[in-house]
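Below is one structure, written out as structure tokens, with a few remarks after it.
Every chain is named by a letter (A, B, C and D) in the order it is written, and numbering of its residues begins at 1.
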Amino acid sequence: MNKIKNVKLSSKGKLSYEWAKDHMRILVETIDKLRKNKPLEGITLGFCLHITKETSVLLMGAKELGAKIAACGANPLTTQDDIAAFLASNGINIYAWKNQTNKDYNYCIERVLDYKPDILTDDGADMNIKAHFSNKYNLLKIMGSTEETTAGVNRLKAISNKGKLRYPVIAVNNAYTKHMFDNKYGTGQSTIDGYLRSMNLLFASKYVVIVGYGWVGKGVSMRCRGMGSKVIVTEVNALRGLEAHMDGFDVMPMSKASKIGDIFITCTGMINVINEKHLLNMKNGAVVGNVGHFDVEIDTKFLLKNSKSVQEIRPNLSSCTMNNKKIYLIGRGRVANLVAAEGHPPEVMAQSFSNQILSILYILKHHKNMKKIVYNVPAEIDNQIATSALRAMDVKIDALTPEQKNYINNWNP
Amino acid sequence: MNKIKNVKLSSKGKLSYEWAKDHMRILVETIDKLRKNKPLEGITLGFCLHITKETSVLLMGAKELGAKIAACGANPLTTQDDIAAFLASNGINIYAWKNQTNKDYNYCIERVLDYKPDILTDDGADMNIKAHFSNKYNLLKIMGSTEETTAGVNRLKAISNKGKLRYPVIAVNNAYTKHMFDNKYGTGQSTIDGYLRSMNLLFASKYVVIVGYGWVGKGVSMRCRGMGSKVIVTEVNALRGLEAHMDGFDVMPMSKASKIGDIFITCTGMINVINEKHLLNMKNGAVVGNVGHFDVEIDTKFLLKNSKSVQEIRPNLSSCTMNNKKIYLIGRGRVANLVAAEGHPPEVMAQSFSNQILSILYILKHHKNMKKIVYNVPAEIDNQIATSALRAMDVKIDALTPEQKNYINNWNP
Amino acid sequence: MNKIKNVKLSSKGKLSYEWAKDHMRILVETIDKLRKNKPLEGITLGFCLHITKETSVLLMGAKELGAKIAACGANPLTTQDDIAAFLASNGINIYAWKNQTNKDYNYCIERVLDYKPDILTDDGADMNIKAHFSNKYNLLKIMGSTEETTAGVNRLKAISNKGKLRYPVIAVNNAYTKHMFDNKYGTGQSTIDGYLRSMNLLFASKYVVIVGYGWVGKGVSMRCRGMGSKVIVTEVNALRGLEAHMDGFDVMPMSKASKIGDIFITCTGMINVINEKHLLNMKNGAVVGNVGHFDVEIDTKFLLKNSKSVQEIRPNLSSCTMNNKKIYLIGRGRVANLVAAEGHPPEVMAQSFSNQILSILYILKHHKNMKKIVYNVPAEIDNQIATSALRAMDVKIDALTPEQKNYINNWNP
Amino acid sequence: MNKIKNVKLSSKGKLSYEWAKDHMRILVETIDKLRKNKPLEGITLGFCLHITKETSVLLMGAKELGAKIAACGANPLTTQDDIAAFLASNGINIYAWKNQTNKDYNYCIERVLDYKPDILTDDGADMNIKAHFSNKYNLLKIMGSTEETTAGVNRLKAISNKGKLRYPVIAVNNAYTKHMFDNKYGTGQSTIDGYLRSMNLLFASKYVVIVGYGWVGKGVSMRCRGMGSKVIVTEVNALRGLEAHMDGFDVMPMSKASKIGDIFITCTGMINVINEKHLLNMKNGAVVGNVGHFDVEIDTKFLLKNSKSVQEIRPNLSSCTMNNKKIYLIGRGRVANLVAAEGHPPEVMAQSFSNQILSILYILKHHKNMKKIVYNVPAEIDNQIATSALRAMDVKIDALTPEQKNYINNWNP
């Protein structure tokens, strides 16, 4: 069963799937090694992920391991309709299309839960929230869940802190091979991509304000500098603020940065980091966008309500006229690298999704002995993926010699 | 009169024109200062330029100065149809649409020459070649021409060296405020844009081979490094090869680089810099594209003829299967930053086109005293544009004090 | 009591002390806040640290807090004699001079232990090893120790793993405000300094091989790239190897890198990472040095024994002729940034030493409740130092609003 | 004949000479090719250059080509006394020692002119000024001169503009293989070296103000950014100001930059670019230095006269107390990369000095047909050196194919 935009897009989606698969060697090899034993036979998996060409490689792979699969999108605006069509044509139960209403979006999550999945894979935790607090689904028997994002992990930890988590969760986001690569290098590149496509303005010489210097903010700052921008960082955490300062970026409060910036990029997972006052401070022509999971980082409600006119002057770019100034908003404040571009490149998602598939198998095997808390990805999975990734990229490294191994355990140099 | 795709796209084109104009302050101010005197009244201008949103600001500006204008595209694939529609609706005689045949392309150039332009503005010199060597047009009385690109300047110099140039030409490309900014920062950014849109692969960690270390190659190398790539440069000029080496790039012959590269970007203006042998050397999965003016830099004829299959798997990306390897070709070897993206951002083109308008006025005023050779842009125009550009960007610099001015002319420190 | 080179150097040392103090505002403010209560009154502290101008600010500060102090150097070659003289003239019991024999070096450590210190502060763990395994000192009653380096922490953990640690140790090295800043930015800069002074060769265009991509290796790689070098990284850890690869460095085994490199920098804390075979592989003229704590990373024994001639051709640079090739060795393989330059700049050490003083006070207060294991620096100390550091550098950051604080604990965005 | 500090330093100087020679392959090969014919037999050369290890390779080479040589230093503070001793012991007539008075300095230049040199090689033009305007030497018969620096070329052009140049001058500085490499990469690195040795402060996170964005300023800006600094550029030229802005640096007037900077580096060749007002603007603790040829760029007279105390607190670093603030001055405002460090590394000087030797030979051969003006280095010399440099560094590049050569002269792609 499925609900998608147009099944005729399937052949176009197949090309995209193959293109992505060709560039996700780590994931493909991981699946290949497991295929023979069909370790997911008899298991139903429920996915709430951005439906992109990379995700299709994960879903098809999980299917090859024997699972029954139901999937929906993780955001109303990010589904690639040709991919959804391809998946529908290949036996995936999928409920997703681009440009959904919030009602549509929730409807699709519920359809996935109707399949009574044994294990959930979530991106932002919306599916897990429903599996906890909706009367219809909060009694489903679920072995566990994995979570892809910082934002989702934070929400699930809040639930766990109140003692209300119903099953174990593995924070795939916290794997080194996930957050280092996906959050830093992935978002770093795809943010440039999303901004270029939506605004097509020059990065060089401009003041770019990066809000937040976590893994995403670090990656975006690095790439904006690489494009020739003058990068300003704002932070609420002293350690990260100090790090940004030492990395040679200008660190200042948003009350000041908001008056200087030409381009703004929010990377925090936090609410209203660009608020009413900041928006009023901005220069005429400022470009504002968000690459965090939820569309809460910019107070777009204030902006849209108080603008005399709002006009989409380019795809995914709204010109908002407020106080005789124009503020340009990317993708209505939704995750710009997915809404205005295609998300992370496949090489990056190969690592994230290898973490997903191995964490799903870990839950399947160990869920009876796991507590109802949020776990990090086991170190051996992380290391195994790093080793596979190097091999997939034909990079060779050294190994410790016996003499050196011995030296580690010795206090006499 | 005009020949375009669809006049209904005009309102969409108007939005793009306004967006570009808002970001081309230098050009707008240059036009504003001259507008009152209508210095181009009674003059017909013939333009052969990429028909983009930025070009529309130049053409509308020239019209406001009193000129009658005829224009065509500078490449069969780069016209933005909405812009062409907007220009047609605003009194510009325009002959341009996206995806032309070569015959269409030549047809359009001839239509422009039919207007008997007094001054030509060319991008690649195709219009000038016709005005020299076509029986129908080689007797037109032309005051002079300006030329936008390195490739075009080289062709016109070849004509001049044979003593066959019919009128003076100003090499706008050679202005510091043109080549430094347009070729380096403009192409630097728009190349990243074109490659991201067409291939959506990770730049970080990849070997990117930049063919040529002129202004374009320098800009592209800098940006690829900024995206985290390992950059390899090939050159035929010892001074530039040495400079690339000192800039920290790996410099090697193409026979070696062709075996290492993951991504190739030609920036030379030269024929067959990626030839048959190099294509055969390449790794499975290599991505090949060109950002030079003409589609001669890669031997695409060989590649397309010898591939068992050629399939467009993504917009502007052809998968060519040759010897059991896939080579991916961007935009069939045509200028990738225009074909697969939107060309340079408006802030950059504002400088290039300010050089154009001031050079056109210079020819109008001085053509009787100019020789039939290729001139550089006069230094005072270059300086004036730099000064305007700084003002437009709110950047202030110092001025020499009288004491310092005196010091220059003095040999006693 | 003291044993130093020449007390007459004291006035020169005083100038250096003041210069450093002027640039260690965080440490000075930390001391200033505590001074009134003399929290270290009645306590004897034993320090085994590199005796540099920065260390003198720590020792004088600890004295101002009421402690009795005995100190020796942490390396036979790194003592700044003028600083030792200044400290001796100011009531510090100090046993240190430049260019010691190993016997001298051990003699000095023992003299410090003779003072029966309550708390030790160590750099590399040599003093702690003696306090554990020397018959003369292994019964001293010691509250605890702090340790400055990765190398020392590893040795102490090896002892702890065998269950033989006699008192709690705080791994100052593991504080974010220590390793991030000292190991990365501090060693990053001081390595460039040490190599420039000893070899005075061009970094730009050269292949620099960085052995190890931990915090030190990351910092050194970043700076060598900043100097225009082509950086090659070798690693034994897949996660770090992958990170170096994604950061755009060439990653390869040492067997290959040893044939390519012009300059080698070991940053591992591991034995023989440049071994006999690697030395034989090297190109004529290769420069080899180490910035890890111990002089074990390069097999200098092999190099010096097998060289036909060894000549110190510049301060701290030995030319070793082996197999008709010259290999240049910096500071005989000892920590080059301290031996050939002055170690980290004072701004960096201010953070490390603030961690030291606050950790010493923590041990004093809590040692009775601490286990005999290696502890990380408490998070509140780390945060406090980051906050002080930002204030000292006049950098302001934002704070979470009540709305935002609430959002953290909430799973409904 | 000679006048130096101490001939006993000769054996130390020999080691330095050999170290430099080993790293100046281009120059050595250039000399080797010419040696057999002794092209300088019977010729007397007068050199006014910084007497460094690199210069000794040039002087010894010129001697091997048959010349009689007299030499003096180009600055009272930059002579390396061991090198002077080595040269004196090897038949060079040399008049140079470190820490001269101005009278000493002039005395030495005159001793060189007493040898009646046929050709002069100058660095800053002091020797040429004397050969023009001193009664004792302005009738010497001189074939021509070469000049190493921007500052010297400017002075000689000022003389030429007044029609007073007595013989042809070749501006070695203007060779691409000189200014690109010496001014940009050479000064870029040696400035970092000089500042590190004199101040030993952290570059990362600091505001560094670079005064002037010519070749030297570009190189220094690039390296300071590479060290993690926040770079601010000041300029008087709009084109260069615009370039710095597009390169991502903050561009502003000195009246503003002087209040923000932590570290100042003058790179202009101009007088009083840091003047009285700027010095009064500076923050407590600012470090000020110059890497231009003459010590006129900072108004040190004002600073030293108005400071309550001036104390040399570290080698080449004076602490000046003015208005209760400390301003730290490097090397009393003299060229910091030579005074506080060793000047450019040998690989860079090999290119500059190859230009010198080939330009000297050019003057010898062509002086009768040359006008009394300032010439650029002939393009064939520049290309020849670039080609040699690549070969010396084992870098291979491509060559144009016949098809490609033909394409250049053809206007039909």
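Quick notes on this one:
In this text, contacts are C-beta pairs under 8 Å (C-beta built on N, C-alpha and C of every residue); 3 or more make two chains touch, one makes a residue touch a chain.
Since we're looking at a predicted model, the values are computed, not measured.
Distance between Cα centroids is largest for the pairing of chain A with D.
Interface comparison, C-D against A-C: more C-beta pairs in contact at A-C. Remark: chain A and chain D have CA centroids separated by 53 Å (rounded to whole angstrom). Computed from the mean C-alpha positions, the centre of chain C lies at a distance of 37 Å from the centre of chain D.
If you average the CA atoms of chain A and of chain C, the two centres end up 38 Å from each other. Shown for chain C are the residues that touch two or more other chains, namely 185, 204-205, 225, 228, 245-246, 393. Across the complex, chain D is touched by residues 15-16, 18-19, 22-23, 185-186, 188-189, 192-193, 196-197, 200-205, 222-223, 225-228, 285, 311, 313-314, 326, 341-342, 345-348, 393 of chain C. Those residues of chain D that touch chain B in the shared complex are 125, 129, 151, 154-156, 158-159, 161, 176-177, 180-181, 185, 234-239, 241-243, 245-246, 251-254, 256, 270-273, 294, 296, 382-383, 386-387, 389-390, 393, 395-401, 403-404, 407-413.
On the chain A side of its complex with chain D, the touching residues are 204-205, 225, 228-230, 245-250.
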